[in-house]
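The data blocks that follow each hold one structure.
Heads up, the next two complexes both have chain A, just with different partners, chain B and then chain C.
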Partner chain A sequence: MKTPAKPEIEEGGDAMTRRRLLSWLSGFGLLGSLIITVLSNLIFIKPRATYGQPNRFSIGKPEDFPSGARLSLDARRVCIVRDGDKIAAISTTCTHLGCIVSVSETGFACPCHGSRYDQDGNVTGGPAPRALPWYQVSLAPNGDIEVDKDTEIEAGNYLRV
Partner chain B sequence: MSTRVTLAVASFVVLIVHGIVFYDQFFNRWEKHQTAYFEQARSLAKTDAERRALDQRSPRIEQIIVTQFGESRVDRCTTCHVASDDPRFQNHAQPLRTHPYSAALGDVQVNGRWERRHKFTDFGCTICHDGQGRGLESFYAHGEDIFWPDPMLGYVTQASWHTEFRPKLTGKEYMQANCAQCHTEDNFAGTPLVQRGRQLFFEKACYGCHRIEGLSNGTLGPDLSDVGKKYKINYLWEHTVNPRAFQPTSFMPKFDLSDEEIKALTVFLKSRRGINFAETALGQYRARLQQVKAEGAKQETSAMPSAMRGEQLIGERSCTACHRLGEKDGHIAPDLSYEGLIRDEDWMMAHFREPKSKIPDSIMPVFGFADADFRSISAYLKTRSTPPPFKTAEEIYKGLCARCHGEKGDGKGVTYLYLDPAPRDLTKASFMNSKPEERFLQSLKNGVPGTSMPPWERVLTDEQRRTVLTYVFETFVKEPRGQLKERKVPDKNPVAFNVDSIHRGEEIFLNRCTGCHGRKADGKGPNSLDISPRPRNLRNSFFINNVPDKRLFDSILYGVQGTAMPSWIDYGLTQNDAGDLINFIRSLNSQTALPGGEKSPTLTSQANLSQTNQEVPCLNKGNDKCK
Partner chain C sequence: MSSQTKTRNPLIALPENIWRSIFRNPLPSSDLGRASTSFTNFFLHLHPVKVHRNSLRATFTLGLGLMAFFLFMILVVTGILLMFYYVPSTTQAYDRMLDLRGTVAFGIFLRNMHRWSAHGMVAVVFLHMCRVFLTGSYKPPREFNWVLGVLLLLVTLFLSFTGYLLPWDQLAFWAITVGTSIASYAPIVGKEVKFLLLGDSTVGQEALLRFYVLHVAVLPAVLSLLVAIHFWRIRKDGGLSRPEEEDALPADVPAPTQVEVVQGPAVVMATSPAAAAAAQPVLEKRHYGIQGLVRGPFTKIGNVPDRSVFAWPNLFMAELVVFLITVAGVLLVSLFFNAPLEEPVNVMHPPNPAKAPWYFLGLQEQVSYSAFWGGVGIPTIEVLLLFLVPYLDRKIAGVGRWFARERLLANFLFLTFVIVNVVLIIIGTFFRGPNWEFVSPW
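And now, the complex of A and B:
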């Protein structure tokens, strides 16, 4: 830079010199790039879509499930519970080692290692460490019931139809 | 100092580039669409529960995985078209618009609420629409990318498509091709264009050349069983309009088709994708067996041959898709209106069974009809024996000759592209005036064997033929006919017809003639495509065996004026050389054994005859004398 020879040392010690400003700007640019790079790599690690069946799916009309039904959809790994006008979806994947639990009279029973759950999915016996999760159930605008396996809700939260 | 400024600028450039990449990768258009949908759905929501459910949703890739129809499909269309199944968005703009409900698709209304027959969760989207299901940008997802084989049928035209045809290739009726993948019934109400196309496939005699699994068994043209999988609709359309558009050497005729008919054929062909979803390989095999059985039964019970049945068959089997018969004219193949006066039954039957057996370069396909059917057709054609009503020479020319030789006599009548050898160009004075009149009269009277020129002997009287020839000379040749030059050519080949002579002839042929007449002597040498008229096929036995030695000598030694055949006497060929050549050509077409006891030789196409190697090529590899 052909600037006229001008003293660059200012009066105050922490006043902004040209050199300091440039250092700050470079530092800001590089740091910003670094942050963006790290961030994108972190985001990139988690796939946005996988080739499994979608986690949000419709299971048909509420009329398809009579009151008192406990219907296990093995392909989707959920059990649809209908009680009067209340509907819920409970996972049928055993919290122990991931077998598909079957619907029994007292609730759920795992065929692999004998874990037992009650009607609401709470553990009553066997090696299972946690209760079966409940999934968000909602009514789609076209009248279908949608289950969203990505959103777990508290046990006992039913959808009223 | 300056390095610091550069560093600062550079670091900002890097920051901006990173920012752009980050934005491009993680802020997608579909996220905006979904956010907009959530907002609008929230304002439309009636209950708190609905609102709460919406609040919990965040933009993400929605996908439908369909495994029950052939290869599994991953359709992410609903990522942008997130409202496609939300009936409240019927009047919104795309992409946030409800997929229309339609009774024609089988959707029904229950309690005032539409219910889809084809649920998106079961069928996906691309099964009807085509397009690239995995795509998340409309350019790729809709198949606008010119390399994507299945652009959205009827909605998307690719940039590489012929501009002239692009508007004709849009319209949702093209999707009928995909409906027919499952709805294969012949009379399915939802696919009228497929039905019409199938009907046209038979009406326009496509079945004669092309094979489609379960429909036809033609062998001359390509198999079309899975043509819909191989080609996009623009190819199907253009190839039907003009077969030479994509394949300059195609000899598929250009049929008389309206736009509506081409559309039906395109949709029908697009629906041919090999095995469709309603079939299994085993089911297809069973259907095939059944068809073969049915055909066998039909052959046995075929009615007695009769002219009436023949007339009916000609209608049913669409002979007039190419040929002309009275009023009906396909503008492709010869006129059959006076066939009874031109050909006898033996000729017709041999021609039906194998068209090439009478005209070696005919493009007519072998129709595998029952013998009785062929007899019926020839019986009917025999009845076409009323001489034409034409009186003046001009009328005769226009009525009988112009179809091939052209209105202007230039050999470019409507059928000329499909006849091989092509019709003679009658305006070429150099040719017309170099041949004796006697020869033209001979051709008119007896036809030219091995070509499509029929014998007019019984159709026209001597007097009429003479006037037509005069008409041709006056109207087309125009130049005055001088005295023919007397040429010294022997009447009969003086060179003895034996193996040595044939070998010498072959050597000369390979050295001098193959450029045009081809190594196989079939008239398809490397230069042949640039020459008009095309070089003679010297393996056309009907033609060659009908030409006297004298004419062959004349053509070889003095050339054929008005064609590319030069006068070989100028290039040092002696009369004896020509005699050897003639013996060689005769041997290619000879039906009898050679004098030496050898079978008639065939041209060894692999004969490695180099120019320096003076050794006589081996014609018979099995012979002990051959090295």
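And now, the complex of A and C:
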């Protein structure tokens, strides 16, 4: 908005008159309120609690998984791998676009866009940009195996049971 | 007339009085009446009193913009009706779809209309954009309306995307899983955007509720507002585009003899000899009070009286025809083809291949090469270029004609963009099988 050329304003020229100062301050005030409103709305729509599945869950006793098992828990979106006394949890969410990969003979395969992974989750083909993450596995005091999907660990780190 | 109503029995005159109070004008028989009808009726006053003949040529506009608008109207009406029976709940949504098929009167038909109009709207909005480009209609002063148009295309796509989740069938679930994952590839804000869209880390009840609110309230409101500005600007930018030579006076029409400017608060009274009245002596003046601010190059009242015709009935009839064609098309398609509904959601097993709706299959095809470039990088560049079209192409030549020779390069580039996207969609639709591997449709 251009200031209308009223004589009393022209008098001041570029100098800061009281009217101009107040206009600027109100302008900043309105702009600030607008920014706060937008931010508040963003904060509002970002949920503080989610109602979906917890990211930390128990999957049962180590005995439930025989050696050599590669058991895909699709509802939890992890694959439990047991090799001798070593156990690990590999994500079955395709790193490409979030489909569930299925366990194949050579590792994992994604039905959506054809990404393929080896037994350890490393990409062997398709558009997947990175390997399937491994999740922290721990033994709870009651003997259950706990998977924590919030903590990614390096591939090849097994839990000994 | 007042003396007449006094003498008549008010009860006998009641219907006529009510009618007159609603419609101030009888059906017009004179030019003054036509003008008056156009701007005393709420719906008609969105139109100009007079409209250039070129805007009425079906071969110029193909009626695509109007068609998109009417499809949106159909979508609003059928959408509101569907809301009476739909519940945005992961446990109920799919059952409600089956109810629409089985028990709700006209349920399947309404759902068909809604789905096919949505497909149609995406297609028609895109074709409308092609028409505007290929006729060079985004040139000054219409640059910003092109930008609004690109925004409208994006909102239309987002509306159809949010609508896709609502049936909560396999297609819905996996299309949204893939779609929101694409969003998460955006730099910096990607993960945050995905979380805000889904309201959770995976697609579930929260996502369904959010998409529902976006689909039935937020996005239609945004779209309506943008459409209103889009329409308003058409008039403020001087109507639809037309070739320059159309503005020149034809030989058989005398130049406007008089443009009376009443000094005062920016109101112009223009004498406009209509083409029909051309034969009559100009002395028999007809003054039309044409309301509106007139300034700068936007003045389209006094200076194009020659090849324009009255909106009533010419424009309104044309609009009615487009409306009828649109409704008839949607009704026919809905009668013969049922909207697809896949198996209920199975979170464990994505269908193989998991395909998005056809208009996103080009994107999905790109995504199968590189998630970032196919899903975020290239689409962002494409949209930015679309936004910038009127600011990059500043040549004035070739406005208002299809495939103007002066615009060979621009049209060539645009058609390349269109064809590449269409080819990608065709590949994604017909040539991709399980694991997104190449298959032959034959």
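What we mean here is this: the second predicted complex is superposed on the first by the 113 of 161 C-alpha atoms of A that agree within 3 Å, B and C clash if a C-alpha of one lies under 4 Å from a C-alpha of the other, contacts with A are read in each partner's own complex, and residues count from 1 in each chain.
Everything that follows uses one rule, which is that a contact is a pair of C-beta atoms (placed from the backbone, for glycine too) under 8 Å apart; a residue touches a chain by one contact, two chains touch by 3 or more.
A quick note: this is a predicted structure, and the numbers were derived from the prediction, not measured.
A.B. asks: Between chain B (first) and chain C (second), which does A:Y51 come into contact with in this model arrangement: first, second, both, or neither?
C.D. replies: A:Y51 sits against chain B and chain C alike.
A.B. asks: By the touch definition at the top of the document, which applies to A:V38: first (chain B), second (chain C), both, or neither?
C.D. replies: Neither partner.
A.B. asks: Which holds for A:P127: it touches chain B only (first), chain C only (second), both, or neither?
C.D. replies: second
A.B. asks: Based on the superposed arrangement, let me know which partner A:A69 touches: chain B (first), chain C (second), both, or neither?
C.D. replies: The answer is neither, since A:A69 touches no partner chain.
A.B. asks: Now for A:L159: first (chain B), second (chain C), both, or neither, which partner does it touch?
C.D. replies: It touches chain B, and chain C stays clear.
A.B. asks: What is the contact status of A:M16 with respect to chain B (first) and chain C (second): first, second, both, or neither?
C.D. replies: neither
A.B. asks: Between chain B (first) and chain C (second), which does A:S138 come into contact with in this model arrangement: first, second, both, or neither?
C.D. replies: Touch status of A:S138: first partner only.
A.B. asks: Tell me which partner A:C112 touches in the superposition: chain B (first), chain C (second), both or neither.
C.D. replies: second
A.B. asks: Could you tell me if A:G98 is touching chain B, chain C, both of them or neither one (first, second, both, neither)?
C.D. replies: Once the two structures are laid over each other on A, A:G98 reaches chain C alone.
A.B. asks: With both structures superposed, pick whichever of chain B and chain C touches the larger number of chain A residues.
C.D. replies: Looking at chain A, the partner in contact with more of its residues is B.
A.B. asks: Which parts of chain A are in contact with chain B and also with chain C?
C.D. replies: In chain A, residues 51-53 are touched by chain B and also by chain C.
A.B. asks: Give the list of chain A residues in touch with chain B in this complex.
C.D. replies: 1, 3, 19, 22-23, 25-30, 32-33, 36-37, 39-40, 43, 48-49, 51-54, 56-58, 136, 138-144, 148, 151, 159-160
A.B. asks: Across the complex, what residues on chain A touch chain C?
C.D. replies: Going by the criterion above, the answer is residues 42, 45-47, 50-53, 55, 74-75, 77, 96-100, 109-114, 127, 129.
A.B. asks: Please output the residues of chain C touching chain A within their complex, sorted ascending.
C.D. replies: 174, 177-178, 180-182, 195-196, 199-202, 204-206, 347-354, 364, 367-372, 375, 434-437
A.B. asks: Under the stated contact criterion, what part of chain B meets chain A in this complex?
C.D. replies: So the residues of chain B in touch with chain A come to 1-2, 4-5, 7-8, 10-12, 14-15, 18-19, 21-22, 25-26, 41, 49-50, 53, 56-57, 60-65, 74, 76, 85-88, 113-115, 121.
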